[in-house]
Every structure is written in structure tokens, then in C-alpha cells.
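Okay, got some structures for you below.
Shared between the two complexes below is chain A, which has chain B as its partner in the first and chain C in the second.
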Partner chain A sequence: MDYLRKKWYRSLIFVIPALVIYLIMVIIPIGQAIYYSLCDWNGISTPTFLGFENYITMFTNPDFGTVIKNTVISTILALLIQPTVALVFAFMIYRCAEKAQKVYRVLVFLPAVVAAASISLMFTLLFNSEIGPVNQILTSLGVQNPPNWLSDAKIVLYSVITPMIYQFIGYYVVILLAGMQSLPEDIFESAALDGANVVQVFWKIVVPTQAETIIMCCVLIIGGAMKAFEHSYIMTWGGPGVASSFLGVYMYNTTFQGGKFGMGSAISIVIMVLAVTFAILLKKFGRKFEY
Partner chain B sequence: MKKAKRLLAVVLSALMTSTLIASCGESGGGNTSGNAGGGNGADSGKTVEIRLLSGWTTSGENVSPDSVLYNKKIDEFNAENNGVKIINEPSAGDDKRNKARLDVTANNACDIWHFWGGSILNDYVAEGVLADCDAYFAESEKVKKEDYAQEYIDFDVIDGVNYGVPFTLAVSVFMVNKDIFAECGLTEADYPKTVSDLKKVSKIISDKGYAATNVGSKGGNPSHFWFSDYVVQQEGGKEAIEDMLTSYQFDTPQNRKAMEVMADMAASKVFPSDTMANGDWSPSFELFIQGKAGMCYTFNWMFTQFPEEMLDKVEIIPVPALDDGDISTSTFQEGWINDANVMLKKSWDDPEKHDAVIKAFDFINWDIPVAGAEAGAIVSPNSRITESIDYSNGEFGLLGEVMQWRVENDITGRPNHWANCANGDLQAFYQSTLDEVWAGSISADEAMTKIQKKFDEEKAKAGA
Partner chain C sequence: MKGQIKSTSPAMQKAGTIAKYVVLSIWSIITLFPVVWVFMTAFKDNGQIFVNPFALPNPAVPSNLTEVFKAVNFGNTFLNSLIFSASTVVIILVITSMSGYYCAKLTRGMKMYSFLILGMMMPAQTILIPIFTTYVKVGMNNTRIGLILMYVGMNIAFGTFILTGFMKGVPDAVIESGVIDGASSLRAFFSLVIPMAKPGLATVGTFVFLNTWNDFLVAFIMATDVKLQTLNLACYQLRGVYSSDYGLLSAGCVVLMTPAIIIFIVFQEQVIKGLTAGAVKG
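Entry: the complex of A and B
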């Protein structure tokens, strides 16, 4: 220990390359984004310092309120559905024989490795009221006037959230399954000897022991929800209006479609602040459930 | 041994750090448009590289036949070894707009761009990024300014300076699927002539399970052209659109009336029921060519995807007119100059690149549009090119039919709102609001109020 303290500068040499990369790739861009968020800048002109005007304009724009609401709804739904379904799936797979485990693991993980653009296009076709199979099935079941999944402002948000949630469940299944596989076998054997049934094993052993992993999944879900972009952009461009826009889409449209790089930077700062805040809160809240 | 190991570790770390710093520093050269031979321009026997920003991508989904053709032409041009090498840097669709902006920001912009014209150039002009194209016309031996109608040239004139060479003329078409009409018990006499007719026919067609028309709205396509079509039918409509650029006045009687007609059409099932899923160019056109929509409204950039065997099944007719319209739709088509070629001022002013820029710019203003027009991929605004093509020889498919119909009916073009919005933010907002009207989420009055409010805000910012 003393040796390490005395020779700390040697360790520093090894850390410098990583620090330089981190500084160039993360810290400096964040600093620049903060500066640009305080400027009027169209990406071509010289940035003009405005103070907090971009933030004031953003927070007083009703569209921004809708976008925040959409992002919060998608985050809550993802937090409720993804870890729950993933935990159940992971437990079901965990209880299978080893060979079957491998097959199921690949099957559930498959959508997560497919490009989000492909999944979005697939769901756009599925939900297309004119030619999509969803409404054809509903019509054949006798449903009169089936919904316009991607045009009705009241439901389009949920149509866009559906593939977002569906696509990444497998990702969390694999994480949780790895967590379960790291548990010693004898816990389950003792539970079986004590006469615990499957439901009891799930609630009394799996859920508490996986709390930390679940919290980690939740942090990932929040991060993902804050930067959600592809599904909404490809399926609806965030529309009609901003009915299915999330912060990421709103930032993209403001920055690139609208050519407002200053305002776009302000939105990106809000995304970063929200993601970090939620992650910290969740981490603190999650400590109560650590096993 | 221990010492040697430590020394090696320190040396390796120092090497890694210095390599990293050095590699980060090397890219600071700014404009990478190079002079491959390190030489003195196009005529000195050295090859000058000219970077081209275009949308002519040959990878990814929906590669258009014209992109393949243009890339082939670029390869042929480069194979001629005439002292200029064109490096195509394609970005499809709206990504081209993003690339242009980011490249300029990074001081790494392409030398020549196949871009859009009109107000979209404003930001670049304000920063002195683009060159005066009249200077190019004066020096070019291949491309002449007088081959373009003055009104087309005027489209790219900003503060008295011409910044673009018109490339494509947007040509619209409205057509009916005769088979679907027959299946619905409709005859030629039922082809809609007015909005009232259109609503009646739409009800019959949609009751049969088809979409009446393919006019969806996603990102304002193709809906914004359709909307403009109903504004220019009214006295003063064309002027109202053209004045919008400087007056920021969107809430005019003509626009308001057209917006009310749009909302009425949406409620009367004239549009597909899912306007977002069937909006944008490809999905809306696909709906028609798959036989799922009774009528089609589209533009010439979709024509190369029109199946030849379907040509006999369609009938081109004028866009159904407003019941009390002032200007007959059988006299015009929506569509104006859609895009333009522009040059980077820095490259034009660079004596080492100047001649090469002219050669490369000649190529994209002459050779490329000739190839595109001959293949039926574009309609060139260059009269010498258009007059050299016989659209009646049966080789041009749908475009040939549309061009003949255009000549027979003495059709002229009309401007649209999109190109006359003062900046990209207004364009995006206007088009997004049309999506809402099409989807029935807001009323015509709400749309007009919302758009005018945005125009007022931008006017205040611009100090106009």
C-alpha cells in the first residue's frame, strides 16, 4: 500500500491515455454543448451569447411540455413492463435444461440485435390501417372502425412505445439470467427441501437476490428512454405534431430540421440532467432493496 | 529485470499518449478537398479532386435508378482523366441537409453541392459560404444562363445575387386507377372535377375498402404540395405564397380557405385513414401502385418506381378544382424548381481549384441532367435539354404521359409554400402542422393560428 502511495505518479501515466480520451470525447463536448445552449446558433453562423433565453423559450413552449410528458410516460411504461417481463422470462429460462436455456436465450435476445430501424419499419407495416395485418385481424373479428394506430394523436404514442419495449426485453432477460446463474445452486436446493413452490422461490429468492441487477436494468432503461429516437422518428417523425415525440426526436428535429443548434443543445442538456438525476435517484432508492 | 519492465511500461504509456495526441492533431487541416497531384489546377496536367455533396446514394434501402445512373456517369467522368476527379459524398434525403450544415460548421464543406434552392440557402448566403453563380455562367462554355427561364433563376436569387443553377423541375400528376373505379361502379364520367365530386367519389371508394387517394401526410409529404395546389387556384394565391418569404404572412384568406378545404377532405375520407403510415413519398406511392388507393397524387421523382404494366390502368386528370376556384386546375400543375446546384465560394475563389470547379460544375449542370432527363428520371429546367427530348416516343413511361399531357394542355408550374418559408424551422413547423390537420388532431383554424404565431415569432427574430 505504501509502495503504491509513494509511486502514485506511475499509476497516473497509465491512466492518462484513458483520461485524455474521456476528456476529448465526453467532457469537452459536454462543455461545448452547455456553451452552445446559451447561444443563438444555426450551426453555420458565429454563436451569439443569449444567456438563458433558449431555456426560457423551451420551458414556455407547450410542445416541450408534451414531449416531456411523452418521455415520462414511455419511461414509466418501460420501467413497469421491461424488468417485470424480463424477470419472469429469465426465471422461466433459468428453470429449463441447459441446452434449452441456450436456445431460448438466443431467441429472446434476437430482437435486441436487430436494427431499431428494421423493427420500426416492421411495426409501421403491422400498424398500417390500410394494409397492415393488425387491423385486418381486428376487422375479421368484427371490430367496427379499428383504430388508426399511427395517426390518431390519442394512441400514436403507445403505438410507438410498443416496439421500443418489445425490442429490448430480451436484453434485460440476458442480464437477469446471468444474475440468476451466478447464484449458488444450494439456495434453490434448500428451498426445495423446505417445500417452497415455484412462486415462493420466485418471490422469496429470485426477486430479492436480483434486486441490484434489476436496479441496474432500470438505470439502463432510464438512459435508453431519455435518448429514445429511432422508433419514433422512423414510424412517425414524432408526429402528428409532437404527439409521439420524445426528447431525442424533439432535439433532432429542432437542431437539424429547424437548424437551431443553440436550442438543440439546450434540449440535449435537459436530457443529460434528467437522465443523470433519475439514475442517481434510482440508485439511492435501490439501495434499500439490496440483498 | 524489474527496472527494465518498469521502463518498458513507462515508454509504452508515453508512446500511447503521444500517438493519441498526435492523431487528434492531424485532422486540423480544415478543408480536405484536395489537390491530389499537389498541383496547379485542372489544366496543368495534375488531377484536382472536387468533392460533391449529393443525394445520389447507391447503398441502403430504396436506391433509386437515377442515383445508380449518376454514379455511373461520375465514374465515366473520372475515367476520362481530364484533370478533375469528382469525389461523390452522398447523403440520402434530409441527411443531405444535415451533412451540408455540419460540414460547413467543421470547415470541411464539399466544393459543389447538388442541393435544394430558394430560402434553404439563406443561412449559407448570410455566412458567405456560397459563390455567385452568374460568375460561373459567365465563364462556363457548356451551360448558359439564357437556357433557363428567368423565373427559375430568380428562385435562387438572394439580395440580388444568384446562388444556384436550377436542376430539376418538380412535375406533379393526379391520376385515377381505372380498375378500382370500375370495381366501384364508377365510370369516366365520374372522374372528379371538383372537390364536391372528389368527396362523393371518395365515399364510394372508401366504402369498398380502398383508400380514396394516396395523399397521406408524414413530415408534410406529399400533403404540402396538395395544400399549395388549392391555394394557387384562388385569385392572389400564387402571390400570397411568394410574398410569404418576406412578409411572414401565412394567415391569408387564400391559405385559410385552402386549409378549411383540407380539414374537410380529411373528415370526408378523401385521404387514407392512416395518414401518417401512408404519408411521405414512398409509402404513399406504394399504396397506389399496390392497388390499394383509387387515386394518386405524386411527383416526378417517384415516376421511375411506377410499374410499366400499370400504365394502361391509369388515367391522368387535373387535380379536382375548388367548387368556386378562380383559376382552373386544367391550366397548371403544382411544381416549381425543386433543387439547385451550388458552389462553395472558398473553392471558387481558390485559383488552384477554380478551373476544376467549373469543369465539375459543368458536369453536374449539363452531363448529369442530360443523362437524367434522357432516362426519364428528371425534368430539366434547362430548355436546351428538355427540347432535345422526345417525350412522345413511348420510352418514358409515366413521365412521357405526364409531359405530353402537360404540352397538350399548355400547363404551367406553380410555386409552393415550403420553398417560400423563410427558414428550415418554419418549413418543419408548417409541414408538421399539416400532419396534424391530415390526422384530424387539430382544426383548420387551430392550424392557421398556430402557423401564423410561429411565423410572427420568426419575423420578430429576423427583425423583418
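Entry: the complex of A and C
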């Protein structure tokens, strides 16, 4: 390989196309976004430099507080539900015969492959107050006034979180299942020899060895929650007001509906900082569990 | 059998096994219920839906599907989605196999690799505003090239990440023997390295295709021109016009979901490998 490496300029040809596009489409726009976030801008005329005013306005805006609260709630719910449910089901699938494993894997993973937009449309139909199946079931069970899932400001957030959690559980099942499949079989055999039952095997073997993967899933879940857009926007446009908005939706509405490109950039920078920070934090935290 | 716990009695094991399959089957049904419901509803007219949303269509009404094809301008929008996804895949495969090769074989440090990987942590929203406004200024908004460039930019980090891993698995000896036989490094790359990295290429290709096909936000902002609309976008807009025709809306969902489902079933292994790479240790 040294022969190739010696002519280092020849090697560069390989990385230049990707690097150039990466610089133009990712690195430079991030720099631009940081600059725009410090300006007042309608997107067309020259931006007016404002310093940190956008950020101050943003953090003192009560709507922003609601959006952050929504994002936090969705993240916490996702973190509580997705890894636990996924772990249990991954373990159950793991203990099936191989062919069954493949079948269940496909079935469970299917919603994650489909466009978020179609899942959102689907749930819009399911949650429809008049003829959606959910309310139909409720009325047939005797419930008098089934809730307005998509227009009641108090529950609309949870109506939007539901498809988010639903769609991607299968994703984490597959990740955890792959992790379990890389475990050597002798662990289970020696556990059996020691007389362990299923529950013990789960808690004492599966959970510790998969700890790293579980942490990784949590990183992905948090990252996903920061960027969440489609479900909220397509089902309720983030409304009513900002009742079901997440950061991504709030950014879109501020920028393209409100015409405030500077503020929108500031919000997007906040999204980026949060996503990156949590990724780094969790990876560091996860190292403590390595054994 | 993997994971077999041998310490319980055979009868308990049988009961446990049955219970396990029952629970998993119920779970699968719950997971698939919304999808199945939408498929069923797509074949009903509004009358049937109101009467009993859960019955099988009787009779099956195929007109929803045919109407939907027209309503979303299927020929055009399907083609657009296909063009965007396929072009992005081709470009990404070419340039990230090269960058992966560079990071894996042609350079000693990890600096370039780490730099390119950073993109994986960046949310699309952050680069969206600057790119959108730049595009508008230079007249690239609502152009195919503009969108494809955006999609490519969004996938470079991931492609490099996966393919560097695969390229590392190509033994140096293969490449060196090619060079000794007189191939230039570029020839060596294309005729020797690429065939050995095929699984990696399939993984990246499938993953990038699905991501681009399923994209909503980017197309929503940068493809407002009717000529450029993707299938995803068109299905979303059905709601505006046909908000009370649930059969039609369901048919729209069906049309949007089916290609992705087919691709997934065919390319299962690649999709799953792409999505678990880096998330699983060991």
C-alpha cells in the first residue's frame, strides 16, 4: 500500500469529489446558518446583523417554552417505551427458530421502512373524530364523547407522539436483535447449567451485554426526537398554535410561514447543538458501561 | 437452537414456546393493523367506510386506486421520485466508495474520516435554510440538479461511514498484486476493489434509495413546482382536495407505501445491515 500512498496527490483524487460536495453542501451551510442566526432577515434582502438578539427573543418567547416542553415529553416517552418494548420483543424473537426470526423481523420492521408521511396520513385517518377506527371502537364500547384526537389542544401532542413511537419500535427491535445474535452461545449454555430461568437470563445476561447497544438506541431516539417533523406537521401542522409542535416544526413555521429566516436559523442551530451534544454526552456516558 | 434455556422441564418449555409465539403474533398483528386497515379502506367507497370501518370491502371498489393514480399524477410524480432516488444512489455510490477507499487504504490517519463522519450528526434542518436561500439566489431552486445535490450532500457522511468499514475488509494483498501486474491505482480500484465491496455498495445503495424515496421535508421546501413533485409530496396534498374521501386518501397511502415495502422485502438484508451498522457493537 505504501506504493500508492507515496504518490499522495494521486490518492487525493479518490476523496476530492466527496470532500468538495461535503464542504459545499454541509460545512459551508452550517457556517451560513450560524451567521444567519445572528441576523434579522426575511430571506431576500440583506440580513441585518443583530448579535444574539434572536436567541434572546427565542428563549423568552413562551411558544418556545411550549415547543421545548413538547420535545422533552416526546423524548422521554420515546426513551421509556421504545427501548424497553424493543428489548423484550427482540429477546423473544431471538429465542425463536431462525426462519421465524426472519419473518417476525420483517413484520415488525415494516412500518419503519415506509415513509413517515404515509404513517402520518394513516394515523390522521385512524384518529379522525367521526369515522376513524379508534373512535369507532370507543363508541361501540359505550364511551359517550370520544376525544377529538387531532384538535383538542390538551391531547394533540400525544396523538402526534403515538405514530412516532409506533413507527420506529421495529427499528430498535432489529438493532437489538442483531446485537443479541452476535453473542456467543456458550453464555446461554453455561447459564442453563447453572439452572437459570428465562427471566434471570434476560436480566443478568442479555441486558448487561446489550447495554452499549441500548445506549446507542437512546442516542438515536434522542437525535430523532430533536429532528422530528413529518408526523407533527402532516397530522396537525404543529397546532393548534404550537400545542403539538416540535423544534423542527417550529423552525419551519417560523421561517417559511412567518418569514423570519434569521430566527429560523437560530432555531435550527439550537436543534443542531442539542442533537450533537446529546450524541456526544451519551457516548461518553455509555463508555462507563463497557466491560 | 440459539438462546435455548435448557434448565426447565420439557412441558414448561413447550408452554413457554407456545406463549412466546402467541405473544409475538399478537404483537405483529398490532403492528401491522394500521397498514392492513389502510389497505382495506383503500378499496372501499365512503359509504362502506361509514357503515363499518372494519369490515372487508364488499364489494371491493378499485376505482379509488385508479382515481388516485390520476390525482397524484402518478406517472409524473413516480418518475420524479425515481429519478431523485436513483440519481442520488448512483452518485453516492461512486463518490463514497472512493472516499471510503481513501479513508480505509490510502491514508494513515483518521482525520479525513472523522471529518466526513461528522455529517451524520447534523440535522437536515440546519443546512436547509442556507441552501434554500442560496438556491433561490442563483436560480437553482426547483431544479432537479439542486435537489439531487442536496440529497447527495445529506448522504455523504453515511456512505463514507459504511464503505470505509467495508473497504477496510478488502485485503491489501489483492490491491498490491493488481498494482504489481501493472494496473494504475484507479484501475486497481475499479476492477479489483469494487467487486469485493459489493455487499457494502448494496447496503448503502438500498439505504440511500429508501431515505430519498421517503423524504418529505427537503422536497416540501425545494420542489414546489408541479413538474418536480415527488410521489410523497403528491400524496400529502391529496388531503387538501380530497379531505373527506377517506377511501381515496387510503389509496394514496397505499400507492406511496407499496414501492418501499417491495424494495424492503427484496433487499431486507441490505436494509437491516445498513441500519444496524455502527449501532451494534461487536
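Assume the second predicted complex is superposed on the first by the 268 of 291 C-alpha atoms of A that agree within 3 Å, B and C clash if a C-alpha of one lies under 4 Å from a C-alpha of the other, contacts with A are read in each partner's own complex, and residues count from 1 in each chain.
One rule holds for everything that comes next: contacts are C-beta pairs under 8 Å (C-beta built on N, C-alpha and C of every residue); 3 or more make two chains touch, one makes a residue touch a chain.
Small disclaimer: the values here were computed from a predicted structure and weren't measured.
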item: Combined model on chain A: chain C and chain B, fit or clash; value: clash
item: Most chain A residues touched (candidates chain B, chain C); value: C
item: Partner chain in contact with A:Ile30 - chain B first, chain C second, else both or neither; value: second
item: Which superposed partner A:Leu220 touches (first chain B, second chain C, both, neither); value: second
item: Which of chain B and chain C A:Phe14 touches, first, second, both or neither; value: both
item: Partner chain(s) touched by A:Val199 [first = chain B, second = chain C, both, neither]; value: neither
item: Contacts of A:Ile131 with chain B and chain C, given as first, second, both or neither; value: both
item: Partner chain(s) touched by A:Leu141 [first = chain B, second = chain C, both, neither]; value: neither
item: Which of chain B and chain C A:Ala115 touches, first, second, both or neither; value: second
item: Touching partner for A:Gly43 - first (chain B), second (chain C), both, neither; value: both
item: Among 37-45, 55-63 or 325-333 on chain B, the segment whose C-alpha atoms clash with chain C after superposition; value: 55-63
item: Overlap of the chain B and chain C footprints on chain A, listed as residue numbers; value: 10, 13-14, 17, 21, 24, 43, 124, 128, 131-132, 256
item: Chain A to chain B touching residues, read off their complex; value: 10, 13-14, 16-17, 20-21, 24, 42-45, 124, 127-132, 148-153, 156, 235-237, 239-243, 253-254, 256-260
item: In the complex with chain C, residue positions of chain A that touch it; value: 1, 3-5, 7, 10-15, 17-19, 21-22, 24-26, 28-30, 32-33, 36, 43, 89, 91-98, 100, 102, 104-111, 113-119, 121-126, 128, 131-133, 136, 166, 169-171, 174-175, 178-182, 185, 188-189, 191-198, 201, 212-213, 216-217, 220, 223, 226-227, 229-230, 234, 248, 251-252, 255-256, 261, 264-265, 268-269, 271-272, 275-276, 279
item: Residues of chain C touching chain A in the complex; value: 1-8, 16, 20-21, 23-24, 27-28, 31-32, 34-35, 37-38, 41, 49-50, 53-54, 94-96, 98-99, 101-103, 105-108, 112, 116, 119, 121-131, 133-134, 136, 149-150, 152-154, 156-157, 159-160, 172, 175-176, 179, 185-186, 189, 210, 213-214, 216-217, 221, 232, 235-236, 239, 246, 249-250, 252-253, 256-257, 260-261, 263-265, 268, 271-272, 275-276, 278-282
item: Chain B - residues contacting chain A, complex; value: 6, 9-10, 13-14, 16-17, 20-21, 24, 94, 97-98, 101-102, 104-105, 123-124, 126-127, 129, 211, 217-219, 272-278, 287, 290, 292-293, 423-425, 427-429, 432-433, 435-436, 438-442
